[in-house]
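The structure follows.
Letters A, B, C and D name the chains as they come in the text, with residue numbers starting at 1 for each one.
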């Protein structure tokens, strides 16, 4: 049994989710490479030590650069805020470590370009990289892609995608790093619009070529954790329409002010001969309409995506037994480990992450210029 | 154009619903016989006159027997409480008038037997009769029956039917005739369990052969309209399980104490190769599962029952335009008028109504005897 | 009892719907003015005569101008395609007839301006006018407006509105006048985007001030009814984002190519302290979220809008008994008749219709110019 | 940090689920006792060894009795078919090991009584026992219980519970031990009716006192794994009605023949002032109706049970991030470890398991005798 030593940077929300996935991927997926939870890096020795003990990491580093020097670490898993991604990822790849980097890939196109270039260099040496758009690996989303690829909905004409959250609807909700442009790059745009752009492109196989957008910050000043107030320097909401390389119309809304919607990543795709609908708040379901049905019984079907031949599901439980949020990370780790073992490039690649960054940049530019903006690199 | 003069007895809730149906059946269904809203019978000249003016009836009688003497009345429509059904229906049929009688057919099996016998006598003279289980004619319910008859769900194994209302959940809700055994015969049992028994049998083509039941009155005394309190002499809820002549298991619940459920007639039928689900609170929808689907995309389909080839729908609006409650009565009138014109017997017949009465009687007997009871007349 | 003679122009889909409403408004709403279905105008004497007989109109005219000369017609109900609205409405108002005009008000802003001016002139003589955005009068929609007006969702921040149909998803669907710019003015834009603009503004009380849009015709050529093909000169889909006078972000999509969606007018409004959701395919339901709920039990509530104190519902059936599509027209007639009797101006007025026409024009301009466009007349 | 050594017996479906829970409970719940996955017992050294390696158990025993002799095992987790429960549990308790036993507690009342007696003996020595009705610990179910206990739905009047699966709808589905009375005790009755009885009693706080039931085996003979056919000696479906000690009516249906329903444990509870609804196929949701709402906005609320103050949820992810099936086992382990550390008795106890066994026995007796049967031990 071959193993791969993992070093993870960061141990907040994402670090906890990744840790559970590293623990679970072995028992459920029996991947060709067995991950070893070797080291956790965090700035505070105390906090990182407590996290490592709780999450199951064998050792602690207070400087992520130490992970790059360790022979027992072959894979670096980056779970920091976006402003740290580029530096860590480039250094790790150049040091010959495989890299899994949380999304969005970076806080700017320039950073993402540097990362994609590093990934290209690394690939030539057999070093792999992947960006963590985990929602691709919700079984219902993977199934949606499969159905589109099989032609089950015909030519895609409409994409309507929303990512609705409400944790900033309340003006009294406290300021944190996610509202700070320097740390997070942007607000709802980078954090959650990036997810729906990736998911939409993943399901349809289309890429966005042009967008018209508007951004809004409903609450420009918020209570600071230490008292007083802090300026919100990112968007609360991003709204845009666009067109794809294959002629579809698309609409996107990402917001943290949709009262009552907790984590509603919803996407509906209308094709010439069928349609699909997914809502992350009902993550084990995919709705599918097939115009080939006889007219008397046609209708959107609620597919409970827990059958053995649904993506990833053969590894879990009998039909009707539901998966949750963190399973998506386990799937991600399984696919990454398989790709490393097989010597293939996992997706979404850093190039994929860069393309999404370019969409986000086009959205920001369009909002600023009040005009349609082409996505860089699209034809 | 041949016409049929209609005389209606009663002008409360059911009278209003029937009147709208008599007004609407011509424009939408163009039936072979055109109904003329000839006369309305009600005990109070004043109230009946006001109702006739509002509802569109051409004349008024204060004694329903006068309707039987009028040559311009060929059809008597009985919308009174159950204790009046038998006398009026038998007299009308014997007087050679076609009869539409609201459900349940009667307050007792004996009355229902007399009515069915009168219907038999009348049939020989070409006089038609029908009992008003209007929910058969919700297009989604009619479609459900069609799908079962076509074998789309295979052998029916399970029927689960509920009729949930909540207007008596509140102990302070006022007493009315529907809580008085002398007027209503029974409570939830006759009023709404009768509907689910009819709907279940109609959809599946099965008949109930034996039942085990329990009845309950949660609030035995209620405020009387004039002050003081009145004894509730009927059931608030009826709960029973049963078996059908074709080997299915069935469960039924009818209650007026299901808080938050307003008019939830729900029925799910599980067959060996498919299943159906209907809820009257979403009356334009039928859910259908077909095991012949490929496993990856099988699921319950939400059929929006508004397509031209869905039952009755070609007469109304384009796809996606919804029907409401009272449309079921228009369908009933259309089918009744067609049957009269064609010289055929409309369904549900008085014999069908009698069979349901026997099921209700078996339920009451079972609740009293705490044992399984055979439905009279079933093999 | 005072009556008002109604003359209706057109007897296709809308004419049938209006006729049912004129027949039903008396029995259910007992309005202060009783409508008399006096005359139906249609170009073909034969077809108009058949329609009048079926729909209940007492006489027929083959020239709508005759309606204006008849003393027994006091109200003209315009149910023709959009290209006829302006001429008929202006003439009727100038002839002193009250006018109900189907939506959209006209095929151009210029026509709509002339109509609004005629309405202004008429108003001074006590002559009333109304445009038929009937979906305002779905009880759930009217309730939504009431809840917003009462402050139940706080400051409105997001409007997301879709009107999804699928009757043109199939490239083989036949050409008709609704695909002809000369007759219909536009495609999905005027036909159904107009509805969601009106509904969104009605519910929120906001008006759209600027938009960025794109239009698309997926199938530019279709089989013609008589053989051969015809050019589709209107949009299949209209997609736009916008901002309102009160600072909300709005997204709109209207399409006839959303496979499997029959008549899905959906609108979600997110406010600072609550949210609302409505889908016309479930027209008796309104979903409401209130942040004032305790956190453990907060959630979107499915309000079954059939209670006596819900808008219009006291006039129909007991709780839980559903309404359908055409009831909205009955509500419209009731409100119009009441306004005429009371000497007040009914809404939506021709000025409201003109404002919506200006939004549609801004959408078309934006799609052509690929830039944000201000809605004329907004501040 | 104090630890508890766990020895698990069995490593099929339940063993895999329990293993994931033992791995996860530490990181997420930080329980007062840290579980150590010490030993796995299975008859085949080879299969048990492979399972131990995959699932993370440190050692293997081929005889469960060895676990009782090991000092490093303080807790025995029984994941075998029902026919092994009694012997193992009694021996383990008598050996001073805490016991977690999968449900149903046993295959007969006699076995369950012996186990409850052993639990009583053990309790006096501080040894704890628990039966694994894991669905109590779905956060939505625990929340439902809390709302009932707080009086949020008033007096419970109706319980309607269903557990619908479809894996035996197909007559060609293969025979396995779950269809063999000797191994499984019963079919749908013990396997899944036991779950809805426990869940219903847990949520309401009521206990069933009498039942009337029927059982059915739709497919009496099935293909055997090795070829030929095998007799099905258990029920495919169990249907019963009942009454509770506090005056509620209850209906239960458990079936493996409900086509299209994969794992639909559904329960609706109607109280005098509110109602609750849960469906395991949407396991992160609880529906709640509160009659105290103003009439215009009352309705069933879809509570997304992922808020920090919902049961167990503070330990997992931010709001809107879903849990899956196996999380219920993690909750179970957390509560069990806490109880052991605190020296209190965890629930459901073996006495609770025995009471459920008595309900199941009453159901079987009632089905055989065709009469109402009292549940033993209820007053």
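One rule holds for everything that comes next: a residue touches a chain if its C-beta (ideal position, glycine included) is under 8 Å from a C-beta of that chain, and two chains touch if they have at least 3 such contacts.
Because the structure is a prediction, the values reported are computed rather than measured.
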Self-check item: Furthest chain, CA centroid comparison against chain D
Solution: C
Quiz prompt | Pair joined by more contacting C-beta pairs (A-C or B-C) | solution = A-C
Quiz prompt | Centroid spacing, where centroids are CA-atom means, of chain A and chain C in whole angstrom | solution = 41
Quiz item: When the centre of a chain is set as the mean of its C-alpha atoms, what distance in Å lies between chain C and chain D?
Solution: 54
Practice problem: Return the distance between the CA-based centres of chain B and chain C, expressed in whole Å. | Solution: 35
Quiz item: On chain C, where are the residues touching two or more other chains?
Solution: 261, 298-300, 304
Self-check item: chain B residues touching chain D - in the complex, by the definition given at the top
Solution: 153, 157-158, 160, 162, 164, 166, 169-171, 212-214, 216, 218, 237, 239-241, 243, 249, 251, 253, 255, 257-261, 268, 270-275, 289, 291, 298-300, 370-372
Quiz item: In their complex, what parts of chain C are in touch with chain D?
Solution: 143, 146-147, 152, 288, 290, 293, 295-304, 307, 309-310
Quiz item: What does chain C use to touch chain B in their complex?
Solution: 13, 16-17, 19-20, 23-24, 26-28, 30, 54-56, 165, 167, 261-264, 280-284, 304, 306, 317-327
